[in-house]
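Next come two complexes, and both contain chain A; in the first it sits with chain B, in the second with chain C.
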Partner chain A sequence: MMSLYLYAIYNGLVLGLAIFLVSSGLTLAFGIMKIFNFAHGAFFMVGAYTAYALTGQEASSLFVFLGAALVAALLIGFVGVIADFAVFRRLAGVPAEYTLMAAFGILLLSNGVSKIAFGQAVHTVYPPEALSAFLDVGIPVSVYGLFIIGAGIVVFLALEVGLNRLWFGKLVLAVARDPWMANVAGLRVQRLKLFSVVLAFALAGLAGGLLVANQALSLDLGHSYLLYAFCVVIVGGLGSIRGAFIASILFGLAESLNAVVLPSLPGIATYSLLIILVLIRPQGLYPELSQ
Partner chain B sequence: MRTNRRQFIGGALGLGALSAFPISAIAQSGGTIKIGLITSLQGGYAAFGQNHQRGAQFAVDEINAAGGIGGKKLELVVRDDGLKPDIGIAAARELAADGVRIFTGGLVSGVVLALNGIMGELDSIFVSAAAHGNNLTHEDFKPNYFRVTDYSAMRVGAGSHLVAQRYKDAKVWGSIAPDAEIGRSVMEVVNFHLPRAYKELHGAEVKMTETLWTKFGATDYRNEIARLMSQGIDGLIVGLGGADETTFLQQAGQLGLTKKIQGFFTSGSEFLGAIALKERTPENYWSGFHWYYGAYPDNPIAKRVVDTFREKGYGKHPDGFVGMTHAAISAISAALAKGAGETSKELIPALEGMSFDSVKGKITLRKEDHQAISDVNYALLGPAKNEDGWEVVDFARVDGEPFAGAPTPGQPLKFG
Partner chain C sequence: MLEIRSLDAYYGQAHILHQIGFAMAEGERISVLGRNGAGKSTLLKSIMNAGPTVRGEVLLDGKALGRTSASDRVRLGMSLVPEDRRIFTHITVAENIRLAQQGTERKSGLPAIADVVAMFPMLKDLVDRMGGQLSGGQQQMLAVARSVAARPRLMLLDEPTEGLAPVIVEDMAAKIVEACDAYGTALLLAEQNVWFARQCTSRVMLLDSGSLVFSGSWADFDASGELVERYLAV
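Entry: the complex of A and B
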């Protein structure tokens, strides 16, 4: 029984970091654009399909697997450029509800295009040989699971350091917190917003490419993670990368331990945790200053 | 004479009314009988919905090519229910407003349950071609509902009997199912039939471990898999479906569960898992089918459907969803050919107790609860070094009648 708990903790960490990989872009988009990007799940799914199209059922090497994830990130980042010029920039001066509706429209468009482009079949993708092994340490620890944990930590550190320590990140945060003042101070607000949108979209594509081998690939994939991602953004503190990171791990562990502690009530831990944390800290774990 | 704006609008409205009325009247009386197909064309079940559409269209084309019914052509009108009852109902109401009185499709029991609730009000019938819930022909039975395929009690009962036959030495069985009506329904049937089958066939007791309940759309079954591996099971019942089942099989294969057990069966994802897993398809994987075409090599209707499916370039393997909407249209056309009109008052008595030819041979729609009495199909799928990466190793065509239970419309199905 003990090993089941240990395995649930390990598995919870893998799930938590997978959730963070998906929610990091959503958090960033909210932090900068102040909207919940409903289309984020769809772009995550398109990223996964892109990686599958490049690698097939199993990537021939780790290099190819990572390369496919990078291509997925670049492609979805480019979609971000189009979305910014065609939609978000045009709606900059209107109430946020309009942008929310536009994001919903992009979601429907992405789902429709994905259906035409990728078909409706379900696929499975496996990690490359370098990541396919299992380490026996009393519980079966998959190398791919460790890779997801590592990738999540790397993305977190890159965003945390990039936004809070690098000059460019500070400029982005300045625009997010007060675009009017940033404009007065001479910052190129539109360009910095474009960069943020592209980065947020690219993170969705990257998550799709890295997590494609974690579960079956179908047109439902985006929905599976999006609900967690929204929970994480709310609980973490709207727009806070650090909050999203902590919240992702909490939700991953809660979901995983739920399967062992309360197996007859699947999913109840996630919703209970959401309710409890929102009641205790309605402002979020790490409230973002710009909110 | 100048025409003012009021005259223009009045004239246009009048012209519109005059032109629209006769066109609509001609459409209903002159040439076509519209059949509404409501199925799920989005998400993880979309491939099944697409095949629903194909099978129904094949049947409509065949009937129209043979001259239609009483000189009238059939016309298929397709709507997506988005796997949601409210969208399904909106689609049915929209089609009914357009004169549709005959509906088929129905992938998910929850959507079909909602649709059944309005069929009487719309003076329509629903001939379901997939939804499996026991409740639909028992406690939630509606007279305007017919089901041309087997249902959970038959499918899972037959599957339990099949694995008891094939895996004599498997004495401990585990199970995983979604925490929803369909999952509970599957497990109720298994818990009754599997121990009984072992007792009858081998005089042996079988142990059923605690069922692991999961939520729909989960991305991670590894904890459940670890738990199943710790239970020391010999066999496994998988009540998941669609992409969920594929995710489970993928992760169970990676963690070694599928190699550890003697055999397992899933009730209804047909070829979906094998198509996704390819050469990683487990070797002991019995998949349930609404219709497995390979089990009917001498049936001319089945042969025609398979040939059409391949000629149209849809692939090599038509699944049961193709077969069952084809069967639904066959049932409807047989009732219409008997002289029934398009109203539910005429169609219901025509369909009740009717036997008709289908891809599965003769199917009878039981008079009391409108449930099809037919074969139940399973196929043993496995990996292969061929173009598909998988193959059908064996199949079973089980008589479904002993597992159908007594008809109890309005009452829950009772076991024991």
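Entry: the complex of A and C
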């Protein structure tokens, strides 16, 4: 029984860090540009397809697997440049509803283009050999799962250090917190926002490339993660990377333990957690950017 | 250096400033007085292109600035200290100053952060403190220091004394004069505190309901005894 719970906790951590990989870009987009990017899940899915197109069903090595994820990140980052020039910066200064509708339009467009480009078949992708083993530590632990946990932590630390310790990150946060004053102080606000858009989109692509293995790769891939990601952004504190990280782990653990404790009521722990956290901390776990 | 011609400013449909016109020379210091809602802040923001929709001309060194953005105006040597301070709370005092200097994109000729802080002793022991941990007076001093650090040719200063203790107001007047003298900075100061305005500037303009109703020296202002009663009394 104990090992069952340990296994659930391990699975919860893997799911939580996977959710964080997807939600980090969404959090960044909201925190810095105040864009609730409905299309984020679609770009995550396109990132996964891009990696699959480069590696096939199984990447020949860990290096190729990581390289494909990086290419997916760069490609989706470039899509972010187009989205910023074509849509987001044109909507600066208009009510948020317009940006929301535009993001929804991008989602529909991305889904349509993906259907034409990738077809509707479901593909199976395996992790590279270096990540395909299982370790026996009392419970079976997949190396790929550990890799996801490690990747999530690395992305979290990179964003934390990058935004809070590096000077460039502090400038990006200055634009996020007070774009008017940043402009009046002489900062190149549009350039800093463009960087943020590219980074947010690239994170979606990177998540797609890293999480593509052990998934049913289809056009619906982004849907389940996007739902979690929205929950995480809300609970974490709109725009807070730290809050998103903690919320992701909480949701991952809740979902995984739910499957053990209440297998006949799937999802109830997740939604209960969402409701409880919104009620007791409506400002979010770490509301620094939304203040 | 700066010339304003037939300037009208709007927020949406609201017509705030009406046909404002004046000129100021290099290094000159002018106060803009007026009641709340007279249009003082709107005038400064219009000159900086930082909010209102503007018609008319803002000329710097004889060149019309047109749609030049606020951030580009910073690089032309203009600096606005807004009424509500707007210190960046997530970075330190020193980093707030550094950020303002970065905005100018000047490679040389800017004062060292230590020199700026030395000019504003209230900030001396606070250089590593986060902007959000400062008192109102300290934040206001930092807002001015941040502007001075960019070494602008023209500082637009919006009601820096609002909500400050009298002793800080006196200190701030001295620091502003000192900084402007040190760098030859011209000053356009929007104020309601006549004493403070008099300490900092040599000329005064009066705004009422968005129109310029007086412009002259402080001696002229004092000679027109009814001005304070008519346009500044609450």
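Convention: the second predicted complex is superposed on the first by the 287 of 291 C-alpha atoms of A that agree within 3 Å, B and C clash if a C-alpha of one lies under 4 Å from a C-alpha of the other, contacts with A are read in each partner's own complex, and residues count from 1 in each chain.
What we mean here is this: contacts are C-beta pairs under 8 Å (C-beta built on N, C-alpha and C of every residue); 3 or more make two chains touch, one makes a residue touch a chain.
Quick caveat, the model's predicted, so the values are computed rather than measured.
Applying the stated contact rule after C-alpha superposition, one finds that A:S248 touches neither chain B nor chain C. Once the two complexes are overlaid on the shared chain, A:T55 sits clear of chain B and of chain C alike. In the superposition on chain A, A:S240 makes contact with neither chain B nor chain C.
Once chain A of one complex is fitted onto chain A of the other, the partner contacts of A:G267 are limited to chain B, with no touch recorded for chain C. Of the two partner chains placed by the overlay, only chain C lies in contact with A:N183; chain B stays clear of it.
Touch criterion met: A:N214 reaches chain B, while chain C stays clear of it.
Of the two partners chain B and chain C, it is B that touches the larger number of chain A residues. The contact sets of chain A with chain B and with chain C never meet.
Per the touch definition, chain A reaches chain C in the complex via residues 167, 170-171, 173-174, 177-178, 180-181, 183-189, 288. Chain A makes touch with chain B in their complex at residues 3-4, 7-8, 11, 14-15, 18, 57, 111, 115, 120-124, 126, 132, 134, 139-140, 142, 214-216, 218-221, 223-225, 255-256, 259-260, 263-267. Here chain B touches chain A in the complex through residues 41-44, 46-47, 49-50, 179, 210, 212-215, 217-220, 222-224, 226-227, 230, 242-244, 246-247, 250-251, 254-256, 272, 275-278, 280, going by the rule given at the top. Per the touch definition, chain C reaches chain A in the complex via residues 48, 50-51, 69-71, 74-75, 80, 82, 86, 88-91, 95, 98-100, 102-105, 146, 150.
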